[in-house]
Amino acid sequence: MTHNVDERPALVAKGSGATRFIGTLITVAIAIIVVGGSAWLIHLNEPQPATKVAQAAGTMKTPQGDLPHYTLDLSVYPNANTADCAGGPTLGETIPGPVSGIGQVFAQKCPPFWWDSTSLELPAHSAITITVHQYDGSTPVNSDYFADVHGTIDGKASYNGEAKTGIKPADVAHTFTIHQYPQAGQPYFFVSVPMRAVPSNAKPESGSNYPKAEVIEFTFITGDPGSYIWNCEDPCGNAYQGFGGVMMQRGWMAGTVEVV
Amino acid sequence: MSAAVESPRSATTGEAVKTVARRNRLGIWLCIISDATGTVALLISYTYLWSLNVNNQWAPPKNAWADWWPFWAIVAGIVIATALIWWGIAGIAKGHKGRLAGAAVLASLILIATFVGQIVQLSTFPFGPADGAYASATFWLCLATAFHLAMLGLLVLAVSIRTGKGLISPDNHSHARFVAMYMTWVCISAALGALVATTMLASPNTQMPLFGTFTG
Amino acid sequence: MSVMTTDIHEQTAVPQPKQHGKPGGFLRHTNIFTGVVTGLVLAIITFAIGSKIVPWGNQNVDFDQVGFQALIGITYIAWVIGFMAGIGAFAGPIRWVLGHDLTHADAEYMAGKGQGRFKYWKYTTDHKVVGIQYLIMTLVLFGLGGFLAMLIRTELGITWAEVFTPNFYNSIIGTHGIVMIIAMIIVVAGPLGNFIMPIMIGARDMAFPRLNALSFWLLFAAVPPLVSNLLLGGIRDGWTVYEPLGSQSPVGMIGYQICIIVFAFSTGIASVNLITTAFTMRARGMSWNRVPIFVIGIISAAIMGLVWFPMFQYSQILALSDRMLATSFFNPLMGGSVWLYENLFWLLGHPEVYVVVIPGTAALIELMTVFLRKPLFSYKMAIAGFAGITGISAIVWVHHMYMTGWAPSAGYPFMLSTELISIPFGFLVLVMLGTMWRGKPWTRLPMMCVYAVIWNKIIGVITGVYLSDVPVDQYMHGSMFVVAHFHYMLMGAGLFAAIGAISYWFPKMTGRMLNERIASIGFWVAFFAFQLTFMSMFVAGLQGMPRRVLQFDNAFNISNWLSTIGAYCIGIGMVIFLFAIITSWRNGKPAPANPWGAKTLEWQTSTPVPLENFPVLPVVTSDPYGYGVPDPYDAVEKKMSEADQPVGAGAR
Amino acid sequence: MSLTNAPETEQPEEPTNRPAPSYRIREWLSRPYARHFLVLFIIFTVVIMPSAWLVLHFMNQSGAPASAIMSEIEKTIFVFTFVSAPLMAMALAILLYSLLGRDWGGKVHGEEPPMQESPAIRTNGTAVILWITATSLLAGFLVIWGMMELATITANSYGSTAPNQQPKDVKPIDINVTGAQWVWNFQYPDQRGIQSDTLVVPVDTPLYFNVTSVDVIHSFWVVELGIKIDANPGAVTNTGVTPNKLGTFNIRCAELCGMHHAYMQTKIQVVSQAEFENWVRVMGGEKTS
């Protein structure tokens, strides 16, 4: 019977209680270091766009009386093709791709759409005027609600100088929508302004990769300090309903708003 | 034990082949059960989407439904092959091996033809897989059948080879039986698929609200 | 109780088929390294060729385009096929088709004869080797899942800032969930079901040794795609990847789907193997009323897994085809339905919970008789309990969908079925309590696990009763309360039971005694920290905190801080336990054949277990629960029933 | 004389002429282990019962119930906790008794299996029957209670009936809720179809919600009102409630819906009828420019 051949070496006990105890402590220490270290590395590895602070511009007469006035300039660029990446405008190698941070294997060097920053800082209890230069074409919105202007002073925004309460859903390129942060204490805050698209047949201006920009300007009033987020509500990404990729990415079509 | 000595023994484990055969039959039954759940999952998907007609997108564009006869032609192919194998098994049980070998070769030819037919049907649908829920569900019913056919081709080929080598012999032909059992199940599965795909066409539900709205 | 007879089979008597080459044939040249190399090479070639022919456009512009999805998916499939080919999984079927049947020498080589430790790296069919491989795999998966859990609690504990971006946070909750689910499914049925169960029923090996190896190596091939999702954008949708949100995720999602599809094959094969073994390979004399209860538990878990896993598998196959072929099963714009996904998912999803809990419970019932020196209380009730759970588990899945608005009136019947399943579950509780009734425990670590698990299970079941009730679920659904509840069931009742079972059979599996001093420290730290963590998570849920959020109201801060502290302590405890396992495995005290004085068959053979388990096959003459002495009170009662009968009559 | 001898256990199983049940119960109660167990059982029950109030306390931290539905839910949770307390107490009593039962002198601690063996109780018909009846009765009670509650809530929330034929005579306000990633949007079809990002509703008026989504699955959850329903793309789901308390409450998304799921939050203001009409006028005025 060749069945019960024991193929293992003879077993002997090794190690004392003390060594085991020390070994336990060392193992725990190693585990803590591994977890904490990797958490910290991942945290560092997830770039956030540089914060953009609103500039003071005197005071402004508003329905709520005279308030300190601040301005903020933003730009939205259309699809960047490889040529742009090579030597185009200051498009962001620093900007995370649709797969950011630890998952950067397929991160894009060039953003399809681009705001010069998405981390905004606004002063509290003041009138904020945001001016957006919009170079991008249109994608119809999923919900017409976001083709209207909400939350600005008298509910209007100016498109190339003419004040409107909204634009045609088919003309929307992106929207700038600030909304709530899950903090019951802080004041509710909702601003949504659609960005009108440049005409689909627009030619690039000379010396630039982009056609003439649509200039959207709107003013709203901030309340008490608090943390908010904003994102684009226009399905300008990819995958199902256009909300994949860049739409799900801070630094691209979403960001944070700090009212300080 | 004495009884076990006369009956042939398995070369690998030395147990009586009867014991091994009983064991394997249970295994095959369990595999069939598991496979059946998969088929049921596909049928659920088909009938569920058919009954909901979400966003009025069940029907393919221009109501171009698939022809009914290719489904049943494929089912017929599998049924004939299965019948052949059973016939061969009945033969080998009586002792002549040639019948099973011949039947298996013939059946494998039929199965290959059926497989080709399945591929042709898949590639000649009047719609693409992206044209609505009916298209998707039908494509997957056919893909499942194609997968089954490929596997059956292999199994039947094995039966013919092993019979030729005398490994499937009158007193040890359980493997052929297992293959036949599985083929019988595949017949049922393919027939069920063909049944829904050819009878449940236009969706009964026309009241679904349009996507993102509150009215039909 | 069993006696050894001299029923041996004479291998040499059997006429052998022609021996093709050396014993083992092709498998002599394959091992895990050839498998990994072949898999990677094939995957890389596929990606290189595919990226030439598949039109997936300019990645910079359109990242999630269908063609690119298909390319990634095909690459993953190539990895799986290449790995299985490289490790020699296809050798068996091909030999069968060509009629080159295995000789006894082949079988013995494939069972790892004379290969020393190297057999653990090969396509080895011996059930003991597969059991050890499963054990290692389980430990690795628990390490990964626990690591992700620590990251999650870190994010939730640091309430004043975002440690991770929302996308990465969503990815780690999803990956943590599915990794832990897979680990919990295999933790008992894999190592112990493969290693212990065949010995327990007196068999020489599993029914289908090659399928046994196949099931493990399929699992091995399925894990890398899952883990790689973190590098490809992650699965940002929780472990129940509800469509269509799943279709918005980057290509990392494909890794998840491939993993589930392959893992479902692995589970189905393993279930077929376990059921067939338990039904057809029991030792002579082991009739159904003498089978150890652990075997019954494994059978019922295997049945549920076998019957229901294809539903989950197809939910992922169809979701994958939505990505790769742009079909529209789950895309409501094109006629798909989100409820279809939820139904297919939960048709497995709920039985899966019992697949996790049942084997551990059965193992505890098995071992508590040993440590209480007491027969199993009401064996028939235990069997009825397992059977009832196996049956009813098929018709309760909708209680995960009360709030989806799918057929609101379905709440009534499924509330009924969900409450009904608590009755067979109660049978098992009765068996455990009855066995414990008036028993004096031998307080070794496995027995302590029994107490811990019963405590956790009580809380899990009671909170489960809340959630099974539609009105209450209307408040609790999707809140942290649910998270705490299923952690009490899966971790508190499942994982701690697995710890008990593994530490009970550790001597038989490794040939060494577990260092119980260190292991107990780890165990108790983990247990009490577990209470802190999930009790405070219950509180957060009751306060109205939704699950899967990374920022939340200040009102929930305190409970989350406590929960995070507890989670860290769980981690520390588990690490200590792991350390005890590893050191004891390397150089623990050599174990005697039967350290616990147990009566089941696996303890009757020598340690370490020889190649074919038993030099001679045992014959069973009674069930393995013959512990204990006659109850003295029975004597008193009998005496009373004769002597004091008049008194009893006069009392009326 | 030979009262306590082993041979009695070998006597034929079926005991002739059993004594009266009452007597057997008294005899059982006279056994020490039975008494100890009962004491532990009662202690644990008394200790566990109050947890019912604890649960309610935590639930009310998010705000007291603001609708009949939420009150019903809290009542259900309270009752369930109360009912399950004895069960938990019994299990814990048995656990603790068996832990205390071991002799702490300690050969049971040792490496070797203990010599002393426990009573070989294979089964006990009385215990089994009692247990099955008890658990079945408990489960039956839970099912019946749950179904009655569900019926009440369905009636309160109009979930099953269309707005035009609803039980109460007050005309309910129809509200179309649309979930988009990651913002809620509310439309009042009866109030000239005005739209808003927050929900403003009058008190003591039945509300009827039609809920849908334009992209992925969301879940419409008003914590204090105790209503929750998924917003499914391609389908319309219904729920309803009658708020009976003024105040401002949270609307949260309870189904993971992508990156900003945690931030998909807005508020519902329950105001007086007059304020509501005023608000409608203001919103409508903006709309008609």
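In this document, chain identifiers A, B, C and D correspond to the written order of the chains, with residue numbering beginning at 1 in each.
Methods note: contacts are C-beta pairs under 8 Å (C-beta built on N, C-alpha and C of every residue); 3 or more make two chains touch, one makes a residue touch a chain.
Because the structure is a prediction, the values reported are computed rather than measured.
S.K.: Check B-D against C-D and say which one is joined by more contacting C-beta pairs.
M.R.: Here the pair linked by more C-beta pairs in contact is C-D.
S.K.: At what distance in angstrom does the C-alpha mean of chain B lie from that of chain A?
M.R.: That pair's centroid distance is 51 Å.
S.K.: Per the centroid of Cα atoms for each chain, what is the distance between chain B and chain D, given in Å?
M.R.: 46
S.K.: Just the number, please: Cα centre separation of chain C and chain D in whole Å.
M.R.: Using C-alpha averages as centres, the distance is 29 Å.
S.K.: Let me have the rounded angstrom distance from the C-alpha centre of chain A over to the C-alpha centre of chain D, please.
M.R.: Their C-alpha centroids are separated by 39 Å.
S.K.: Show the residues in chain A shared as contacts by 2 or more other chains, in ascending order.
M.R.: Expected reply: 142-143, 181-182, 184, 240-241, 243, 248-250.
S.K.: Hunt down the residues of chain B that sit against at least two other chains at once, touch-wise.
M.R.: Residues 54-55, 211-212 of chain B touch two or more partner chains.
S.K.: For chain D, write out the residues touching at least two other chains, lowest number first.
M.R.: Each of 178, 214-216, 233-235, 250, 252, 258-260, 262-263 in chain D touches at least two other chains.
S.K.: Kindly provide every pair of chains that touch.
M.R.: Result of the pairwise touch check is A-C, A-D, B-C, B-D, C-D.
S.K.: Show which residues of chain A lie in contact with chain C when the two form their complex.
M.R.: 1, 3-8, 11-15, 17, 20-21, 23-24, 27-28, 31-32, 34-35, 38-39, 42-43, 46, 48, 79-82, 85, 97-103, 105-106, 108-110, 112, 181-185, 238-241, 243-245, 248-250
S.K.: Using the touch definition from the top, list the residues of chain B that touch chain D in their complex.
M.R.: Per the touch definition, chain B meets chain D at residues 54-55, 208-209, 211-214.
S.K.: If you look only at chain B, which of its residues touch chain C in the complex?
M.R.: 1, 9-15, 19, 22-23, 26-27, 30-31, 33-35, 37-38, 41-42, 44-45, 48-49, 52-58, 129-130, 132-137, 139-140, 154, 157-158, 161-162, 164-165, 167, 211
S.K.: Touching chain D in the complex: which residues of chain C?
M.R.: 166-167, 170, 236-238, 242, 244-245, 248, 332-333, 336-339, 372-381, 403-405, 408-409, 411-412, 415-416, 419-420, 422-423, 426-427, 429-430, 433-434, 436-443, 451, 454-455, 458, 462, 465-466, 468-472, 474-475, 477-479, 539, 542-544, 546-553, 555, 595-597, 627-635, 637-642, 644-645, 647-649, 651-652
S.K.: Chain A touches which residues of chain D in the complex?
M.R.: On the chain D side, the touching residues are 178, 180-183, 185, 195, 197-198, 214-216, 250, 252, 258-260, 262-263, 265-267, 286, 289.
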